[in-house]
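The structure's right below; bear with me while I get my questions together.
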Amino acid sequence: MDHDSPQERWRRRTEIPLAVGSMLFLGAYAAQVLVHDMPQVWRHVCFAVVLGAWALFAVDYGVRWRMSGRGLKYIRTHWLETLVLLLPLLRPLRVVRLYEAIQMRHGEPRLSLYARVMVYAGLSVLLLGFAGALAVYHHERLAPGANITTFGDAVWWTCSTLSTVGYGDKAPVTPVGRLVAVALMACGLGLLGAVTGSFSSWLIQVFTLEDAKRRARNRR
Amino acid sequence: MDHDSPQERWRRRTEIPLAVGSMLFLGAYAAQVLVHDMPQVWRHVCFAVVLGAWALFAVDYGVRWRMSGRGLKYIRTHWLETLVLLLPLLRPLRVVRLYEAIQMRHGEPRLSLYARVMVYAGLSVLLLGFAGALAVYHHERLAPGANITTFGDAVWWTCSTLSTVGYGDKAPVTPVGRLVAVALMACGLGLLGAVTGSFSSWLIQVFTLEDAKRRARNRR
Amino acid sequence: MDHDSPQERWRRRTEIPLAVGSMLFLGAYAAQVLVHDMPQVWRHVCFAVVLGAWALFAVDYGVRWRMSGRGLKYIRTHWLETLVLLLPLLRPLRVVRLYEAIQMRHGEPRLSLYARVMVYAGLSVLLLGFAGALAVYHHERLAPGANITTFGDAVWWTCSTLSTVGYGDKAPVTPVGRLVAVALMACGLGLLGAVTGSFSSWLIQVFTLEDAKRRARNRR
Amino acid sequence: MDHDSPQERWRRRTEIPLAVGSMLFLGAYAAQVLVHDMPQVWRHVCFAVVLGAWALFAVDYGVRWRMSGRGLKYIRTHWLETLVLLLPLLRPLRVVRLYEAIQMRHGEPRLSLYARVMVYAGLSVLLLGFAGALAVYHHERLAPGANITTFGDAVWWTCSTLSTVGYGDKAPVTPVGRLVAVALMACGLGLLGAVTGSFSSWLIQVFTLEDAKRRARNRR
């Protein structure tokens, strides 16, 4: 990949609008779920924003696909982008790349390997957890016999699920809510395992470095 | 092991029938447990299919044993095959190998190491979880005081157990159900640990590669 | 350490009696807790066996200490043995070493590194879990408001605790029971983490080896 | 960093008073929360001690900052110290460093790498857990519908949370209590993962060393 290829220029030019689009997407979806007494007009506006943001992502994906000139193979080799297209909730992950790009331009050191894994995986978990709490709240709120009746309950349930603590004082009872919960467990636990593992590796690295420094100082 | 030895030829020729047999086995067992108002005739058919598939595996194991000409030592060195004989639920794992064989014939790259560990261990967990949900549902369904009364409950309980979340809204109460649960925990957690660990290692590998690529690009 | 030093000879000669003693210790403790309508005479016998086994360990520890001729330093460098003296429930771990010694005499290959970690840590967890179930059952059985009222409940609770699933259908309510539970969590989770980690590493090793073998076969 | 720089001398001279200050801080906070019928005078004394200890840390931080002569950059490169200033509960961690300094002066071997990670992370978890139990107890004690009504309950809940067992017999119900719980999960699970991982690595190291020793002995 060249530094000044058309693809690269397209990527740089669309960075900001796409980041804004993803934020709008998440915000409009959250507003739709959380504000119950929203006037019909605003409800339509939210829906339009969600659809518009999605269209933005689809157009971007289409342009990149045409530029690559590789047909169906593109989908396979760029599966992460395809996933982001289907699940725009993960779009804000791009913000990390933006932050890194800015840092690099300022000549400041970039994040270390473990820190980057932690930041990416941790942010993904936060976004997935927020989306999962929204979806579960949406489907459980009015179900008979449900115990997740406020958004606070949904967030508390999400935290207790992602940490695998699982108190059980709050748990989904509808089929859709449980499906969301299983998806949340499957994605969240793998990502959180990566966060915990990286943190552990990083801690051992810090101690090893400190050890080496102290030994060098004593030898002098 | 030669590429055209009799063992190898036997293996290639029995691949497909055995895969079909394992699917039939799992399907017939599931039908027996899940369909309550099955006519007596079909119940007998299911039982025959289960027995027949098991006989198929036993014959295959016997032929391989004779071919190896190594007596009792074979059982020890091929313990995985012995385990599969006793637990035919794991048979579909062979499908992964089939897929890899097809890919290799097409000259396409095989799965990476971590991806293979994830696929094998993940599929094992899926199969074990499905079988565990079936068995627990079978034994809890009519027990007094049980709270796992539908197959959906059993699947939800299995997911909450394998992820170690353990809400406790559903839990087995019969001795046999609890025994199945303990077996599920013991097998499932080890395998899921392997999946999580491999995913974490794979993520760090991806970030390391990307790092190296970017550094090389900047140097140019 | 010489192969024929007095210490080594003492170790070999006391191996069997100490293993027997530890089994008697565990059995007598279990009988005391589990059999409620035991006649007074047998109760005294059990108590005597427990005390006798402990005395045996104390004498063995004392003799080794004198032989080493190293005073208080011995306690620090042999802290595992000191721990076993205080917690004779872990004594049966020595059985693994006995099994390895027998295997080595027969010239058979010893267990691989990961297998040994798994066997030692797994056995420790089993013994600790059994002892924990006994102790919790002993203290919860007659407590008001307790829900662990049979030994089966205690074993089920132990399994759900050690796997960190924690359904919560059974949980200790007395201070002593909770203290035992916390000790069980602290020891068990560390050891089970070692089992899971070793299993994961072993699985990856197996896949790596198979990979190398297949590649070598294809090259031929 | 020179061994006799003013910074180093300041660090050595303030070691003991700061350790004492952190203990006083923790003790006064605990007394305030745990003793309900404390006379008004003592309540004021406790509050003064908490404030005084915090002032001590602030002064120490300020002096170090001036000495470094690096302005705002200091905050970024010494983020651990900044964190400790904001969260004086972690101050007692310095005790480990004190212990190591004493050991080194006596010429005794320092803790191994894994042991140090375990000690630091384990102590942090203990301190965080104690502070978390205090805070949750403080906010849940008088809440309507709360089930954490004694400090023993709070400690039991903390243990069941940090081990990710999560029985659910005790769980916070107030927003502040749940916020503390989420913070406890986020910090505690990462740190405990480091403890478990280090323990596992250490165990494998011990087995590898023993293996090598035995092989060397057999060769002789």
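First chain written, first letter: the chains are A, B, C and D, and each begins at residue 1.
Heads up, the rule we're going with is that a contact is a pair of C-beta atoms (placed from the backbone, for glycine too) under 8 Å apart; a residue touches a chain by one contact, two chains touch by 3 or more.
Computed from a predicted model, the values in this text were never measured in an experiment.
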*By the touch rule set out at the top, what is the minimum number of steps from subunit B to subunit C?*
1
_I need the common contact partners of subunit C and subunit D, sorted by label._
A, B
_What's the rotation angle, in degrees and to the nearest 5, for a C-alpha fit of subunit A onto subunit D?_
90
*Same or different: at the subunit A/subunit B interface, is the fraction of residue numbers used by both copies above or below half?*
different
_Distance from subunit B to subunit A - Cα centre to Cα centre, in angstrom_ = 31
*Centre-of-Cα separation between subunit D and subunit B, whole angstrom*: 44
*Could you list which residues of subunit D touch at least two other chains?*
164-168, 197
_So in the complex, the part of subunit B that touches subunit A is made up of which residues?_
152, 156, 159-160, 163-169, 195-197, 199-200, 203-204, 207-208, 211, 217
*Spell out the residues on subunit B that touch subunit C in their complex, using ranges where they run on.*
1, 3, 113-114, 116-117, 120-121, 161, 164-168, 171, 175, 178, 181-182, 185-186, 189-190, 193-194, 197-198
*Which of the residues in subunit D come into contact with subunit B in the complex?*
164-168
